[in-house]
Each structure stands twice: as C-alpha cells, then as structure tokens.
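Presented below are the structures under discussion, each in the form of structure tokens.
Note that chain A is present in both complexes that follow, paired respectively with chain B and with chain C.
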Partner chain A sequence: MKTDPTFVDTLRLGGEFDARMCMNCGVCTALCPLGLEILPRKLFRRVLLGDHTAVEGQETTIFSCLLCRLCEQNCPGGVHIAENVRTLRTYLNREVHGLAEA
Partner chain B sequence: MTDEKSRRIGVVVCQCGGNISDYVDTEKVREAASHEPGVVSTQVQMFACSDAAQQDAIREIREKKLDGIVVCSCSPKLHLATFRAMAERAGLNPYEYTQVNIREQCSWAHTHDPAGATAKATGLVMAGIARTARSQPLEPIRVETLPQALVLGAGVAGLRSALALSDLGISVHLVESSDHAGGQVMRWGDLFPHDKVGAELVASLVAEVGRRENIQLYLGTELVEKSGRVGAFSVRLRTFTGDQIPLKVGAIVVATGFEPYTPKPDEFGYGLPGVITLPELKEALARRPKPLVYGGREIRSIAYIYCVGSRQSADDGTGHAYCSRYCCSATSHISTVVNGLDASVKQYHLFRDVRTYGKYEALYESALRGGSLFLRYGEEAPPVVRSQDGALVVQVKDRLLGGEEVELRPDLVVLVTGMVPRDNAALTRVLKIPVGQDGFFREVHVKLRPVETVVDGVFIVGTAQGPKNVAESVQSALAAVSKAGALLLKGYVDLDPQVAKVDPNLCVWCDECTKACPYGAIDRVAYGDKEVAEVNPILCKGEGACVPVCPKQAVSVLGYTHEQVTSMIDALAKEAV
Partner chain C sequence: MPVPISATLGMLGDNLRKRRSALPLGRRVSTAWARGLDLPHGGSTVLYTGQMWQMVPAINAMSRQLSKYENSRLTGLFGFARTLNRLVNLTPLLARTKASERRAYNERLRNIVRLLRAAGVEFGYLYADDVYAGGLAHDEGLDRALEEHARWVWEVFRRNGVRRVITVDPHTTNMLRSVFPKLVPGFSLEVRSYLEVLAEKRLTARAPLERTATIHDSCVYARYENVVEPPRTLLAGAGVRLAEPELSGKMTFCCGGPIEMLFPGKSSEVATKRINQLKAVDSRVVTACPLCYANLSRAAPSDVEIHDISDYLVEAYCPVEA
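Here is the complex of A and B:
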C-alpha cells in the first residue's frame, strides 16, 4: 500500500476526522448491526496511513452505514466514529463525484 | 588448636516441623551423634531456629561449657547467620559453629527413601562434627575506612553521586576521561518526562560541584591503577598530559556510562542521507530548528524504527539481547517535542512492542494524541529502508492490516538505537570487577545488592551497570552513595575471616595460586632465604580457587583446612560402609 501523509489533511477540509485513539480492538466491527466488516477500524487505519484508494473502493460500505452510533457508544478509545464516516462521505461527494457541499 | 579428644561439642538435630523428620529418623541421627568422641550434648528440636530452641541451645552451651556446636537443619543460605548470632550470644566464637544441611540436600531430595535419607543425614552430621572438632576460633578482620571517595565518570550519575557523597561530608575525587563534564545527556535537548533541557540539567549539577570545597574534578583524566582494599584503596590517575596523581580513597563509584548503539553500514539504511539515530535527532532538536530542517531538507514526515541494536536474537550471539529501556519512552516523548515545533509533521512509529512502563505510559498516550501512528512489525520481518530517486522509502508489514506491506516515504528515518556498554576492558583490568554477558558491569545481586560488585567498596551506578533513563541512573547513584556512606562514615569495616592462608614452610612459590586468584589477593614476599606466596586477608574472598592448584598443599581456607575437609570425607566414608 502506498501512503500519502497529506491525504488526511485533504479529508479534514470537509469535516472532522479523528481516529488517533483507535487501538484496533474491533468492538465496532463486532457490534455493527449491518456487519460492515471493513468499517470502521480497518478503513480508519488506511485513512490515517493515507490510502485514498481504500476510501474510494469502499464507497458502498461507507454509504451503507446507518450512523446508528452503536459502535461509537461502545468505543473504548472514545473515537467519534459517526462523525468520521460523515467526513468520508463528504470527501467522496466532493472529490470523487464533484458535488458541492450543501 | 584444641585437641579433638578434649573438645566439648553440642549437636542439635532439627525436625523442621516434619520437613526433615517425615523422611529422616531424627532420633536415630541424634543417637548416632551422641556416640562420637567430643560430643557432650545432643538435642532434637521441632524448629531449631525458633526462639525457644535457640534459648535451649544457648543454655546448653553455657551449662555444659561447649566449645563447638553443630546444627543439623536447613541450607546455610537460610540460617547460617541466625545460628552464628546464637553462638555469639551464648559466648561462643561464631566460627566454632557448623551448619549441616539435612533438608535441601537430604530429606527433600530423598522423600522416597527414608532409610537412605537417615543414613545420609547421619553421615552429613558426622562430617559436621568432624569439621567442628578441628575448628578454630576466628575473629573478623576489622579495617579502617577513609572518608574519601573516587567517582569515575562525570555524567549525570557521576555528578549526582559526587554531590550526594559531598553532602555526607565525604571528600570526592570526580574523574572524567573526556575534556568536559556532562556525559551523553549534555548534548540532548528536552528530556522526558519533564522537558528539562539536558544541557541545563547538567550545567546546574556542574555548577553545584564547582561550589563544593570537598569535590575535586579532574577532566581528561583516567584511572590507571588500583591496589589496596575496601576502605583504603591506593589509586593512580593519569591526566591527558601524562601526569600521574596518586590518591587514597575508601570507596570507588563507577559511573562510566554507555555508548549509543551505532548501526552497521546499511542496517535499516544507515548511511543514506536522512537516516539518523535517536541521539542525533535529540541533538538536532536541542537547537529547536524552525522550520524543521535536517541536513538541508525540510522535514514533513518522520519514520521512527524502534529496537535498533536492542532485543536482537541472532543465532550467533553477536547481537544485544536486552531491551534498552529508555528508547520507547524517549521516542514517544520526542514525537511530542516535534509536534510542539510543528504540529503538521506526520510521524510514523515502527515498533516491536511499546515499553513505556510505569508513569511513562502517559508519554505514549500524548504521542498518540499528537497524531503519531504506530505500526507494529515482527523481528522476522523488519522494515526495509532504501533510497529511490533521492527520496527515502520505508517498507513495513503492518500487523493491524494483516501483514499487508505499507510503503512510507518519510523525509527523515530515525533509528531508535539502544544503549551498548562502553569498551570497559582497560577499566575491568584495573578494578577487577566482572562484566555480565551483555558487557555491562555486573552487580552482586540484581534485586538485593543492585549497586555493589564482588569487590567490596567498588560500586556501579547509572548506565555503566545497564540501560537506564536519567531518573533511574540517579536512583542507582544515590543507592550507591548510601552504601558507600554507610561503609565510610562508620570508620571501619569487619571482613569475613574465612580466608585463605599460606603455610610459608611448605610454599615454594610456583605462582599457581596467584594465577588462580580472581581478586589479586596473593602477593610474593620474602620468607627467610626464599620467596613465598602470602594472602592479603583483606582482599581474599575465601572462595578457595588457590587451594586445589597448589602442588604442595601449602594453602588452605580457614574454616575449611585440609585437616578439616579430610576428616569430613573420612567421616562420610565411614558411614557409607
């Protein structure tokens, strides 16, 4: 995987993205009512490493998320998972689909 | 020596509450002992070490005017000191006491064979009686101590030792081989966990040393010779101009520090522009560059590779197997320093395990909060660093992505190098203190005597003993000062009299014992018209390396003379028939 240290900065133009305290424990994945396997921990790690292709390749998953916050309520690292997902959606809308922000 | 026939020996057989008596017939052992010549008192006790049993033994010693006592119980490691003190309270010379181990070396080892265990215990007791029948009273060797100390190395540990010794009223000769005080820490910038600057920390210590009238600092000077004994060593220093300075000191504190590990050429790309070590980064950041520039290039991202030169499990044994302790905390900390200079710099930590133990865990958390990314690699798949079109490329298999290879393009690669011992060969020859397998100076006991060496009066502190951070170096420095202070301020020290002794009439000076002695305790002296070996009882440890090499049986250890050991073997052999 090629990394891009500036990717997360680009992402943050569209909102908050903070997964610093994610310890990859997997509580989020285990609790997800939709069973979204890649979300959030694996995807967040790729985002932090700057793998924008991972974001673009997981578009369906990113938009499938119900934003129910079950994962967020139980995250031992206190990561604002739903907010991060919103930011990923903003990025996809803006950078991939050329949609202006509302 | 007292004639063995006229000896009055008491024997106490301990049951150890069943530990011994479940397997050894203690009454039978007592009965056998009571028939030995010279034995005038025998007892069986449930617990010989108990207060009541000791009172019984003391009464017996006094009433029957015993001149020797044998306690058959556990290992001398456990209760030798107990029963020596008991003998002394009864008015008996403590070296007229013999401990016979019938627990660890008998009952516990032969639980399947009570008859055999009883026979063996009887034999061991007979041997103990035989040794006691030929024992001599010995007096501790009391020697004077001088309130002067030599501290080798003027880094943080040495400076702090010198100041604390000075506080106790002990004069200090502080010797530094380089041309400046301060050691490694002086070059480093912010130190964890309090962000105090290394150079300032050292400067405050050096200034304080300068104010003390009882500390003499010698720069560019080395220790070249040491003789004498604990409490009164004769040492010789040599300055860089070749001057010799003779001194008398009571104790020596070795604070000679460490060397940062230098990576081999090409080890993780070492040698490529932009690949540096942790100490080099610390030194660079001490100048607080803004913007962050190193070697002419602007730094936007940094990759740290942990455990370089530490925790190596090379089959050929050439690596450094130990953890260097300070580096995880130092790197977590330095990443927050980088953040403070420029929060937009991206930092990647390629680690094996994060060992920010104790309070330093907070440093790891602040590194995480600062946005540092931690990628774990295994020793079997270390990161690869290479140069491509003038840029650095680091490839690492990230465990959290199931071992997927991640390619980083950092502007700076920092090899988190550990601590390695300095080349201590010359100093080891002079001081005769051992180094461990790792090459650092070795303490007597890692938990119970962590700053003492096998040479009484020589202490090891700071990173000369092993990897430590600054706080731990100072802790060990102050520990050694308390040991040295206790030694020197009392004014005297009592040494164990069970040391080797040469019979000059038998000795023909063949030099074998001198070669065998690890402590340099044997001198060549004139005796009548010949030369003989003579043991310096103050340097001798009584371990007996000289005894078996002597072709004339001229040397023996007091308390374990040839006569005593031979009679013990005879007693054991007699029982075995």
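Here is the complex of A and C:
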C-alpha cells in the first residue's frame, strides 16, 4: 500500500473529514441497512493512512451509502460518518469524475 | 452496466447551475397546487415547499426509467444525454408524469395549508420564487454547484423579505436549518417544519380517527433534525393508536430513497426490508416525507397501505363538512 500523509488535507479541501475517534469496533457495519462491509471503518482507516487508491477503488460503495446515520447514531467514537462519506464523494467528483466545476 | 455515476451527477450539477433545480419542472407545474387557495404572495412568514412534493411524480417516472436501464447497455448513452441536457431540458422527456398523479401529490400541500389555517397560522407563498433547496446536490457531494445555488436561494428569500419559513419535508428543513447556515455568510432564517408548528398548537380533532397504524420515521427528520415527537403528538391527538416498529424514532431504518437514482435495485431492496419490518406491526403505515412515501409505496404489497401523515391529520382535524 502506498501512503500519502498529505491525502487527508487534500480531502479536507472539500469538507469535513475526521475519523480519529474510530476504534474499528464494527457497530457501523453491523447496523448498516446495506451491510456495507468496508464503509466506514476500514475505508476511513485507509484514508487516514493516505491510501487514495483505496478511495478511488471504492466508488460504488461510497455512492451507495444512504447517509441515513443509523451507524452514526450508535458510533461509540461519535464519528461524523455521513459527513465524512459526503466529503469522499466531493473528492471523487472533483478528482475522478471531472466535475470540479459542479 | 450500472447507472454511470459521473454522467448522472454531471447532469444533476448542470441542471442545478443552469435551471436551478435537480429536476426542473417549470413554474406552471411547481405552483399548480396553490391554485384556488388564495395564498397571499410572500410576506415575512412563508410556506416553503422547496418543490419536493411537486417533484415526486417526476422522481417516480425517472426511477421507473432508471430501473429499466440499470444493467443494460443503454447506460452507455448517459454521457450523450448529459451533453444534450445542457442544451435542452430533458427532464420533461425522461420523466413524463400523469396529471392525475401530479394532482394526488399536490393534494398533500393543500392538506398542509388547510391544517395550518385551522391552527390559525398566517403565512404567504412565494409562487415562482418557491425554489428548490438543492438537497440532492448536497447528498451527492456536488458542493461547488450547491454553494452557488445556496447563495442564490438566500438572495431570493432576502429579496422577498422572508424571515420565517414553514417547511413541508425533512430534506428541505435540513438544508435550510442545518446546511445553509454553514454555506452562506449572513444566512439567517427561522426554519420550522409544519409538523413542529402544528404540534405546538392546541388543535382538537373534530372527527377522531379511531384506528391503529404504525409510523415510519424519516432518517432526516429523526436523526438530522430531531423531529420525532411532533408527528406522534399530532397523530395521538387525531385519535390514531400508534404501534411502533422495532426500529423507530432515532433508531429508524431508511426507506432506501436516497440511492434510488444511482442504484435503483439496491434502493428497492432496502425499501422491501423496511416494509417487512413495518407490516409486522400494522398494515397501515404513516410517513412524513415525500421521498419515504414514494419509495415505500413502490415496494409495498397490496395488503399494506402507505399514508402521508397530512392525509390522516386533515381527515381528523379539518373534516369536510357534510
């Protein structure tokens, strides 16, 4: 895995991203109506490590999230999961979809 | 092939920037519901629809089309559709709606007007200036287009001298109450959902309903905007005996609506899961969001009735005189 310590800062140009309180407990995954296995805990960890290829390879998962906040309501770390997912979408729209102007 | 994300979101962003809406309906369609109600134009307090109820028939039509295209080769044409849509508004073509369906959805807005009037609330309506708030662009991370749109919406409110808005759906409530203040410098409006406004009034049911039902909380009302009690207070006052589903209030389960544009198949799977949870409690389900209403209605079998809360409230609080 190639890591990039500046990746989170690039991501934050498009919004809030904070997952430092995530302790990988898995409550989010257990409650997800779609059973999204990688989002949020695994992917957020990759993001913090600066692995942007992981974000780019998980486009479908990132855009499938319902933003319903059932995970967030029960997150013991109080991570703003839905807002983090939105920030990942903004990043993909800007850097991958060529929708910088959108 | 799945629905292509970049072309679909590109079309959404283009629509918002060029035509000021996710699904541009045109003024005649978006204001038709108010005909004959004699709503005053503007004022410091307005009923703000954000065009959400008016948009549902178009969303339903679009969703029917997209579920046909999902996993077909036709999705390859989406890039071309985006280019064409820049020149001509494709919404009326891609999302053909029936007048009868539009009338049925518009009736919910008319219900809300009747209820607010029965509660003695005074308000106006902005007609052509009752614009879309941009919720879909926010959800999909189209932040650049959204920021520009939000500033424009704020200018529309300011130009009309609006200080308080009464909203009719959770998504618009969330945009104005929680998102816009972060996006638009100086944005300042008092924003309340009609359910919050009505729940504070002492309305007496003139025709109590004497029926049982279950309730589906919208994720956005319950978890984003903390609107959990008002619908329950109003339904209890209307004589409805509510049985709560296992997942309700702050622990509510999504209707699947938010991903119906990009993943119609997965969206309907979530809706079916939710319907099964609800029907285990009661065959009558009350919703309070146009998108939940539409998505659950599509997934409901014939022995499950989905009702918008305003239908029940009007029946109990503002019965038509015989």
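Remarks
Everything below uses one rule, namely that the second predicted complex is superposed on the first by the 100 of 102 C-alpha atoms of A that agree within 3 Å, B and C clash if a C-alpha of one lies under 4 Å from a C-alpha of the other, contacts with A are read in each partner's own complex, and residues count from 1 in each chain.
Heads up, the rule we're going with is that a residue touches a chain if its C-beta (ideal position, glycine included) is under 8 Å from a C-beta of that chain, and two chains touch if they have at least 3 such contacts.
Because the structure is predicted, anything quoted here is derived from the model rather than measured.
By the touch criterion defined above, A:42 reaches chain B but does not reach chain C. Of the two partner chains, chain C is the only one touched by A:87; chain B is not.
Of the two partners, chain B and chain C, it is C that touches more residues of chain A. Shared contact residues of chain A with chain B and chain C: none. Looking at the complex, you find that chain C touches chain A at residues 2, 5-6, 9-10, 12-14, 17, 138-145, 219, 223-224, 250-254, 256, 258-259, 262-263, 266, 270, 273.
Interface residues of chain A, counted against chain B in their complex, comprise 1-3, 5, 9, 20-21, 24, 42, 45-46, 48-49.
Interface residues of chain A facing chain C in the complex, by the touch rule stated above, are 14-15, 33-34, 59-60, 63-70, 72-73, 86-93, 96-102.
Every residue of chain B that touches chain A in the complex is listed here, in rising order: 300-301, 344, 346, 368-371, 373, 398, 400-401, 404-409.
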